[in-house]
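To start, I am sharing the structure in question, which I have written as structure tokens.
Chain IDs A, B, C, D, E and F follow the sequence of writing; residue 1 opens each chain.
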Amino acid sequence: MFQHDKKPLHEVKVDRPNPNYAAMLQEQLGGANGELKAAMQYISQSFRVVDPEIRDMMLDIGAEELSHMEMVSMLITQLNGSNLQANNATIGEVETHVLTGLAPGLVNASGHPWTADYVNVTGDLVADLLSDIAAEMRAKVVYEYLHRQINDNGVRQTIDFLLNREEAHNQLFRKALGKVAQTGSNRDFGVTGDSKLYFNLSTPGGQAFDLSNIHPPH
Amino acid sequence: MFQHDKKPLHEVKVDRPNPNYAAMLQEQLGGANGELKAAMQYISQSFRVVDPEIRDMMLDIGAEELSHMEMVSMLITQLNGSNLQANNATIGEVETHVLTGLAPGLVNASGHPWTADYVNVTGDLVADLLSDIAAEMRAKVVYEYLHRQINDNGVRQTIDFLLNREEAHNQLFRKALGKVAQTGSNRDFGVTGDSKLYFNLSTPGGQAFDLSNIHPPH
Amino acid sequence: MFQHDKKPLHEVKVDRPNPNYAAMLQEQLGGANGELKAAMQYISQSFRVVDPEIRDMMLDIGAEELSHMEMVSMLITQLNGSNLQANNATIGEVETHVLTGLAPGLVNASGHPWTADYVNVTGDLVADLLSDIAAEMRAKVVYEYLHRQINDNGVRQTIDFLLNREEAHNQLFRKALGKVAQTGSNRDFGVTGDSKLYFNLSTPGGQAFDLSNIHPPH
Amino acid sequence: MFQHDKKPLHEVKVDRPNPNYAAMLQEQLGGANGELKAAMQYISQSFRVVDPEIRDMMLDIGAEELSHMEMVSMLITQLNGSNLQANNATIGEVETHVLTGLAPGLVNASGHPWTADYVNVTGDLVADLLSDIAAEMRAKVVYEYLHRQINDNGVRQTIDFLLNREEAHNQLFRKALGKVAQTGSNRDFGVTGDSKLYFNLSTPGGQAFDLSNIHPPH
Amino acid sequence: MFQHDKKPLHEVKVDRPNPNYAAMLQEQLGGANGELKAAMQYISQSFRVVDPEIRDMMLDIGAEELSHMEMVSMLITQLNGSNLQANNATIGEVETHVLTGLAPGLVNASGHPWTADYVNVTGDLVADLLSDIAAEMRAKVVYEYLHRQINDNGVRQTIDFLLNREEAHNQLFRKALGKVAQTGSNRDFGVTGDSKLYFNLSTPGGQAFDLSNIHPPH
Amino acid sequence: MFQHDKKPLHEVKVDRPNPNYAAMLQEQLGGANGELKAAMQYISQSFRVVDPEIRDMMLDIGAEELSHMEMVSMLITQLNGSNLQANNATIGEVETHVLTGLAPGLVNASGHPWTADYVNVTGDLVADLLSDIAAEMRAKVVYEYLHRQINDNGVRQTIDFLLNREEAHNQLFRKALGKVAQTGSNRDFGVTGDSKLYFNLSTPGGQAFDLSNIHPPH
């Protein structure tokens, strides 16, 4: 069961209203790599997981992502200020000014509504955890893009916190992937010699990467 | 902040697998009047509410709807059984059998992915609470339709529980509406004589309803 | 059958072109609470209604909403002027300037296309009429938001007219709801003591609203 | 302004209920080439047309398509019968049985909601009329597919009527196209020798069609 | 099979970055009449075509449209420059600046993601080719709108090329239509006297167009 | 530039028509992890990549995925046979039988149209390549699910080929990731001690995975 605690996961306090930046931040509320997507992906994946540790981890992180969603919503609410004037926001979605009365809606920075098409669930743990690792990395990249385009200290501190939490989740998902690496889709089909997954991604700076003789067939 | 408790809000135990009914139940997971819609609507509405009682109520009910979403997902998971065979389910969405590996995805009974277009947020409390009352009523109707089409006692008990909770929420939203009935959109614009809202809906069986002289202009 | 009369329901004449405001007004043409949504909702609901008065009322109001849609489209067309220059409109959707050649398209203020996901039809009269009452209230709120952000007298007069018509429809839907309040979803399921709907919303200013002891279960 | 007349454009009377066929017919209510699409396309295109004949024709045909939409909705309502049982319909969308209570919703045969992405408006009369001619042809083809898959005489007569009306509209749009063939997009850009449109489509059975020397560049 | 050649179909070189215009050009990458839509429509239509000439033509043009898509993507990439600053682009979608890191995403000018709802496939050659002719005309119109709103010579030259290619495709599709004009949907149903298609669109400047006595029934 | 070769990448020959399985296979044509998604993701990512090897690899694999899309479309076309009868297909989408005339449309197994919301592009190579690795793994899982539900040898051979190609692509993307592992999002932000990515996923069967002391904060 889910419960709500009146205290947010982390304090949210912007320096000053900034409707343009509020529109941009919508990307992490209702966008393809935003907090709602993350929450829904991990929660949806959990329901068929039999490993109790991984199942609990997915639901724990899912609940934390909901708490991030709350923080991003609070950030947007403060940034929107109290002035209902579409012309104040000269970029991105205008639903905030004509539809939601300055409340944060579940749309991305351009006004496209959130859709479950963003959510990846396959029921195969290896594929799902790889999807989660990739999702966390994309979420981090979007926070970096947003971080670079704001000087407000309050906003930056919140983004720093959220960005670092994505990293922590990424670590957890990679540990879980290590636990199940020899199962499921990674094991089922060994039809040809190259159908086995080797995660030799851990050797940065290793031997030069030569793609010249590894081309798809023509 | 949101937290997850390993114990579900209410026990979920189906009598036997039923992939067809699992597909139908998807409507209350990823459909227009389903639990995710309810959760997202109330949580999204809460962020600009200044009345602390109503704000907390919205977040409390929102958290409960997430817990309902968990229950519906558990129900679907049990109903899907463990047999990956699309032909077992002869109606509705087949994503369960070709995409999600029997895990519950965020789609409706026909496979249409959940979208934030279902969520109503206006930032006006009267309009938002009326939307919530109507949403709870629609959710109840869908549960009635689903209840009529299943004999499984375990499923029926869970639906009974969920349906009655929708009623309880409905009561809460109507009380909150009573508190704010003279504010916001209900008060702002009194342009003509009939622009004031009278909630005289409480007189069932009252005087006959005569529409004959209340027609829109031609 | 539907018919078109060359005369609009009400005169539409803006003071001067205003491409930015045209983009904002798209919300009431192709948006979640706009005129097309209203028309489609009432017309779609009507087809299974057996009460002839309510059925006719739904189709009458549906036809009027189509006429409102025509008025909003005329408003947008005049506001767009004749200058195909995307830079003239610095907020919201730009389809008008790159796709539709200044003709009003069925998108909202941010360019999201209209979708039937906005339309609520359950086949239960109580639920459908509550949905209609809520829909009219939301439509009124959006018109209020738009009214506050324009000084053009011609636009304001048209919005005043449309806003007051939403109120009139609201009255009609509430009367219809009174007529059917003891039927359908409101009566079918009386599983527990609180499963009966009491519309005691008619007592504004009544006793204080105390939510402290009416919390959802934890 | 639009008006509704209680009399349908043409009588609708099916021989017997057929929930499967009702699901298939949804394609012409809420699908890509259905009646709502046609109505919305012609009405939306009309608002910037200066030629009064063509403008009126678009609105007249638009109103007729709304009347077709009403007929298709009546057809579906009769075909759905009064038995709320998803298992009765073994193909296509199941929203009818879990969401709309047998009322016709604005979805296609597979349950995908209608979207304005189906509607083509460019503000250029030549392009818009060509789009209309193609749209009518596609609508006719879908009615043919549906006609072949039903034996019910009542359904067939209604489809015959609707299919023939598409043909009539096609004729009207082609006449209108003849009127404006030397204007707009057909004239504006004559950048190269082959940029002028010749509608030499009127010579069926003419000279053999040789594509061998008309290839796009490689 | 499809293959990629490192050389683009035609040189692409803009004079200078222009993020606003990059947003507008997204319409022809991820929009309703853009290059991806064209490619997907012709390729999808080809799979059931038995006439080898027409089938090959569809796949050839489909491949060329993919090459156009590559050109438009290169154009957008150059126009976006290297400055990640949402405020630089004051109109249209902002995904470029918060999500894709200046890479061209598959969205239209307002940020609406590309959808297969844009693609028309009926399996009937006459209907499909008419859809293609109309699609090419709409694509041309959008390029005209974009051409009028830019002074950059490099951009204009690329648009000129693409616009002329649409014309060439239009010619090819019309020739193909001539070849099959007496088949399929054009022949199958001759239910009434006016159900036969006459493509007398080839007589521009011919007899006056009189709609006065060709009205749909009331 | 893209080119089309009449020869498919690999022979496609089903044993016998199977409309139900054709509907299921739509998932890999127009679904979330299907061939069009893969093609569009890699091609879209390529445009800002400066490393010529990785850029070429993305476009090469993108072209191969388009060739897979062609193969899946041919598979579906053969499986659909020549019998236009919706009742023949008792599961999944029915667009094939009412809209596309047995031609393969760009929808998933349940009839949901393909959308660019499936495509992940961030402009950061590490994030994009991780997304590609996850995407290939999901595609493989879906092919496994489809493989288990068919006995047709011709279909199985084609799926075997496609599934093994996903593996080959996965290898290529992982090699490319190794090359760039110390760049971009993986390097930019080292805000806290755990913000650095370690790909220690390469030690399958290594030390036991203990999540007990790595929980997100409460």
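By our rule, contacts are C-beta pairs under 8 Å (C-beta built on N, C-alpha and C of every residue); 3 or more make two chains touch, one makes a residue touch a chain.
Note that this is a predicted model, so its numbers are computed, not measured.
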Reference subunit F; chain at largest CA-centroid distance: C
Centre-to-centre distance between subunit E and subunit D (centres being mean Cα positions), rounded to whole Å: 21
Where subunit C and subunit E are represented by their mean Cα positions, the distance between them in whole Å: 34
Residue numbers of subunit E (touch at least two other chains): 3, 9, 32-33, 56, 60, 64, 90, 92, 99, 101, 107, 110-113, 115, 117, 122-124, 141-142
Chain pairs that touch, as defined at the top of this document: A-B, A-C, A-E, A-F, B-C, B-D, B-F, C-D, C-E, D-E, D-F, E-F
Complex contacts: residues of subunit F adjacent to subunit B: 20, 23-24, 27, 31-33, 90-92, 108-112, 141-142, 145-146, 148-149, 218
Interfacial residue positions of subunit C with respect to subunit D in the complex: 1-9, 30, 36, 40, 43-45, 47-48, 56, 59-60, 62-64, 66-67, 70, 73-74, 76-77, 99-107, 113-117, 119, 121-124
Residues of subunit E touching subunit A in the complex: 3, 84-87, 89-90, 92-95, 97-99, 101, 107, 110-113
Subunit D - residues contacting subunit E, complex: 9, 32-33, 53-54, 56-57, 60-61, 64, 115, 117-118, 120, 122-124, 126-127, 130-131, 133-134, 137-138, 140-142, 144, 160, 163-165, 167-172, 174-179, 181-182, 184-185, 188-189, 191-192, 194-195, 197-206, 209, 211-212, 214-217
